[in-house]
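Multiple structures follow.
Common to both upcoming complexes is chain A, partnered first by chain B, then by chain C.
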Partner chain A sequence: MPARIGFLAPIVVFLVLFFGYPLAANVAMSLREYTAASFYTGEAPFVGLANYAAVMGDPVFTTAVANTAVFTAASLLFQFGIGLALAVFFQRHFPLNGILRSLLLIPWLLPLVVSGTVWRWIFDQQYGILNQTLLGLGVIDSAVPWLSSTAIALPSVTVANIWVGIPFNMVILYGGLQSIPAHLYEAASLDGAGPWQRFRHVTWPLLRPVSAVVLMLGLVYTLKVFDVIMVLTQGGPANATQTLTTWSYSLSFGELDFGLGAAVGNLLIVVALLFSVVYLRGLRSSAPATARKRR
Partner chain B sequence: MLSTHIPRTPRLRGSSAVVAAGLLTLSTACTGTGGDEEVASLTAMDYNLAEPQNGTTATMLDECGEQAGVDIERDAQPRDQLMPRLLQGASQQDLPDLMLVDNPDLPQIAATGALLPLDEAGFDTGGYYPSVLEAGTHEDTLYGIAPGVNGLALFTDTAKLDDAGVDPPQTWDELRDAAAELTEGDTKGLAFSAIGHEEGTWTFEPFLWSNGATLTELDSPEAVEALELWSDLVEEGSVAQSAVNWSQADVNDQFLGDRAAMMVNGSWQLPVLDDEDVGYDVVPLPVPEAGSDPATPMGGEVWAVARNGGEREEKAVEVLQCLLSDDNMRQWAELNAYVPAKEEAAEQLAEDDPQMAPFVESVPSARSRTAELGEDYPDVSTAIADAVQEALAGSASAEEALSRAQQSVPEN
Partner chain C sequence: MAVHRRVRTALTTVVAVAVVGVLLFPLYWMVNASLQPATGLLQTPPRWFPVDGTLDGYRSALQSQGRPLLNSVVVAAGTVALTLALSVPASYALSRLRVRGAGVVMFALLLVQMVPGIVMANSLYAVMNQTGLLSTYAALILADSTIAVPFAVLILRAFMVTIPAELGEAAMVDGAGHTRVLWSVVMPVSRNAMITAALFAFLFAWADFLFAVTLNSDEAVMPVTVGIYRFIGAHTADWNSVMATGVIASIPAAILLVVAQRYVAAGVTGGALKD
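Presenting the complex of A and B:
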């Protein structure tokens, strides 16, 4: 027993110190009127749930929640879909396979500030390469305000984020594909399965645990995406790309109202937790099914 | 050396170290002017990380520290880190003795009660522009003082204006016409920053104010008219809609890259433009009617002193007097292309450097951004920036956008 405590103690201390304390402090902060003055005087009147009420009553709240949902769902869907397609593609043997695969990793290796800036240039209304190309091909008649229209800015930012996330999905899913025994594919072929059937009945079920991890991590990453949006649009124009993350930042460090910022941050944590629980439950119920199939 | 960490109020009783430090506070407070223990070092914080300001700030602090007989430990932070760092310091009752902050941020720190009122400390304010002093004032008390200030003006590309036969515009109507006339191919007539935070608000404020609007009545017809001027310029194609994503540095890039024939920008761009060797001219911002006063927001940083106990405050004020001496002020202004905070020095500069003249001209009527709203300014500033963006992106009319922004103005 003492030995067990010895092993557990460091991790418990670590969790309490680096997760428990900040989380508790953040919750406490969100229940107080915490302004710049509070830092010096130490006086932050307890206001109960007033910050949450204020945040939820703010018209930006609805926008930020909707944006967060759209941004996250679209990012996950396309990052995963394209990542999986690429992973399957690279499973085949062909020349330059390795080099191409490493090239596709570049978006993941670049600092987000760098890739964000490049996307800003691509999307520029007047001299961005995207508009120039589309105008040249005759697809559009006039330049599209990719980042400066309240209607198009969110899809544009999402596209940039999808591009950033594809390599991560591809790498992990590619690893998952490598662990599927080749003889299963041979057996399926002998049974007369075509490429789609092989994917549907061999690849997909056996890849499920890896997919779950990728989607879970992707969800957490995407919910907290900050740099891409900040570099591209700063949450603008007129909050059109404001997510809960960027809004929390601007409340805390733009308006210096730390109570409100903390409240938004906590709501974000709740959303992430909810999704995680749903996901882990889904994972638990699907795991035996996969195992059964394997037998 | 004396401890540089003296908590003002021993909040954390129980720890012997803190109690000891608390006693130390008492002893320094009691001996006060007695001076049996000399203050040997002071701390300073600023965000002048770019050269040459970085080097000059360090040299000036060193020299002034030497004159006052103290070492100064300078801590330079990136701009967006400064306020969080200061607030962190405030929470530990350990603010730097001297701090250089952007003037609209000053009320936030002053409201904490952590700053030394400068008139109480015997600081001589003779010769300063009243508008400069106002920008460092919170609730009728002077807490900060600027070595130099900056403002906004209209920069014009002389070659482009000559080619088109356009004179630098002086009124809004002329601005509209000139911008339309100068728009050709990839080049827009005008560029300004309408980004979604303080930078966008500050660029819009001169238009708002010179039309007679105030920050407390954002839905007034005067305010709506000002925003309509901006949204019309975008709608007519004289200003790129991308302005909603541009910082002032981006606007300068547009101007340098031949994408804009005119721009609204600040004096600190002058050294950048001179490096690039472009033919440009600077004129005061156009006003609604010929002859009305330009009203630009007062820009620039102010030095403030923390309440860190008698001895240290005295030394810090001594250093501050030196930092703001006529010579240092002139050097500071020349280096940053700022307007000196003292009237006489500013007028001299306008004579020596005609490019600075429009900026000097704008200082007497320049307004403190926080005068009307105090600590509520950051909140309202965000709302104004949002309204500007809504109008320019075409998602709301100027009137709708501003009446929404009005909701964030606290009622008194």
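Presenting the complex of A and C:
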């Protein structure tokens, strides 16, 4: 009996101390005027929902929400689309298939700070390879300020983030494709289905559960992207790439108003949870399809 | 017919190599830039290959980033140790013992993975500040474990569920307790799953930037991710040393990919498809 409790006790203590308590502390902080001074004086006056009101009344709020939505939607769409195309392509049998597939994993394994740094150099206005190539080919007549123009910075940051996420999507979707029984394709071929019809009527429906998992994880992950944006633009220029995550960071650790930062963070949790609930309900309603989950 | 087929697979390989080449170009560009003299990087047209290459970038990277690299090793190793110590017994209990509340723990582990890191950073800052842990290795190890532990439990539990119960029962008939069964029967069998969990714990901690930049203001414990970040800020023209640092910081990932390919693939899928 004691052994059972002994095995689980450490992780329960860990969860309470390092998730339960911090999350409760974060809610408490968001209801107080919690500044750098609070850490020294220990005084943080209770202000109720004033931090939430202040945050939502701030013009940056609308920008951050819109940026988060655009950044997340575009990232998911392209990561998934490109990942799926690659997964389908690598289903073919050809020499070097395995090696090339594992090489594709590298971008996913690199620290995001490194990937961000590489893209910052690629996007460099004067010496970056992107502008140099486009100028050389005559596609553009003058250097594009990829990261310093308020109009283009968000798309640029999104491109870098899409690149980071492709391997993950590809690997999981490839695994999902492998679990589709080959005889279904053979049967479809016998019925005269072409490649597109086989994809449309066999691959796509049977891949649905795996696709749902990938998109859900991608969503939760993309909502909280921090490193890539920080390295490329720090949320600038003029908040053009500010998302809820980077804004929360700059309120807490830039302006040292931890109450405001906590409020934005909690709003972010609410968004993530909302999407999770929608996802879980969707999963339940398609239960027959998920019953044959791959293991 | 056979010849036609061979030509087609050869063509497919060519297309695949081209696609992989395009997707990995940014990495080539990092390596290329890391080997160029600083002046070579500020030329038009760009130098596509590191002819007349130099290791100056690496020299200056190691000079300024030697300590941060070492710090990253300490933090990542500590995270691996703490993660395994917590998640191995927990996975054993969750997979093989009927414990009350096991369902709650599993649900909690799934749920906490959805908490945005910035929220954790914000509140852990306050907690670490109160306990005087800010700017210590311990702060980073504990914070990084909040990412690694839930992931490790999922992987380990999924594996331990598949171990036949008879394996441990025989030992128990001979009088072994659960601790003994875990140590001498289950852990040896779970070696591969433990390696996978350890690899990912190492990678998470090695790559962490958010906790490193928020929970730590001491140069002496600064990991390499923050090192590069500060380095870019300070040396905007010195891209070859920045890129050399990037290459060095990527080495653990590269080694992992070569040495532990199958574990990596198992981890990516195992961690994603939790059920």
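Heads up, the rule we're going with is that the second predicted complex is superposed on the first by the 270 of 295 C-alpha atoms of A that agree within 3 Å, B and C clash if a C-alpha of one lies under 4 Å from a C-alpha of the other, contacts with A are read in each partner's own complex, and residues count from 1 in each chain.
By definition in this document, contacts are C-beta pairs under 8 Å (C-beta built on N, C-alpha and C of every residue); 3 or more make two chains touch, one makes a residue touch a chain.
Worth saying up front: this structure is predicted, and the values here are computed from it rather than measured.
Asks: Just to be sure I read the superposition right, which of the two partners does A:S189 touch: chain B = first, chain C = second, or both, or neither?
Replies: In the superposition, A:S189 contacts neither chain B nor chain C.
Asks: May I ask you to decide whether A:F39 touches chain B, chain C, both, or neither, giving the answer as first, second, both or neither?
Replies: Both partners, chain B and chain C.
Asks: Is A:V214 contacted by the first partner chain B, the second partner chain C, both or neither?
Replies: second
Asks: Quick check on the superposed pair: does A:I11 touch chain B, chain C, both, or neither? Answer first, second, both or neither.
Replies: In the superposition, A:I11 contacts chain C only.
Asks: With both complexes superposed on chain A, which partner does A:G136 reach: first (chain B), second (chain C), both or neither?
Replies: A:G136 contacts chain C only, not chain B.
Asks: In the superposed arrangement, which partner chain does A:V118 touch: chain B (first), chain C (second), both, or neither?
Replies: The second partner, chain C, only.
Asks: Comparing chain C with chain B, which touches more residues belonging to chain A?
Replies: C
Asks: Using the touch definition from the top, say if A:Q91 reaches chain B (first), chain C (second), both or neither.
Replies: Neither: A:Q91 stays clear of chain B and chain C.
Asks: Per the contact definition in the header, classify A:Y127: touching chain B only (first), chain C only (second), both, or neither.
Replies: After superposing on A, A:Y127 lies in contact with both chain B and chain C.
Asks: Once chain A of both complexes is superposed, is A:V231 in touch with chain B (first), chain C (second), both, or neither?
Replies: second
Asks: Where on chain A do the contacts with chain B and the contacts with chain C coincide?
Replies: 39, 120, 127, 253
Asks: Could you pull out which chain C residues touch chain A in their complex?
Replies: Residue list for chain C touching chain A: 9-10, 12-13, 15-17, 19-20, 23-24, 26-27, 29-30, 33, 41-46, 85-87, 89-90, 92-94, 97, 99, 101-102, 105, 108-109, 112-127, 129, 142-143, 145-146, 149, 153, 177-179, 182, 203, 206-207, 209-210, 213-214, 225, 228-229, 232, 239, 242-243, 246, 249-250, 253-254, 256-257, 261, 264-265, 268-269, 272-273, 275.
Asks: If we count contacts the way the header does, which residues on chain A are in touch with chain B in the complex?
Replies: Interface residues on the chain A side: 35-37, 39-42, 59, 120, 124-127, 145, 147-151, 232-240, 250, 253-257.
Asks: Inside the complex, what are the residues of chain B that reach chain A?
Replies: Listed in rising order, the residues are 11, 80, 83-84, 87-88, 90-91, 93, 95, 108-109, 111-114, 186, 188, 195-198, 240-245, 259, 375, 378-379, 382, 385-387, 389-390, 392-396, 401, 404.
Asks: Can you list the residues on chain A that touch chain C in the complex?
Replies: 3-8, 10-12, 14-15, 18-19, 21-23, 25-26, 29, 34, 39, 86, 89-90, 92-97, 100, 102-115, 117-122, 127, 129, 132, 136, 163, 166, 168, 171-172, 175, 210, 213-214, 217, 220, 223-224, 226-227, 230-231, 245, 248-249, 252-253, 258, 261-262, 265-266, 268-269, 272-273, 276, 293-295
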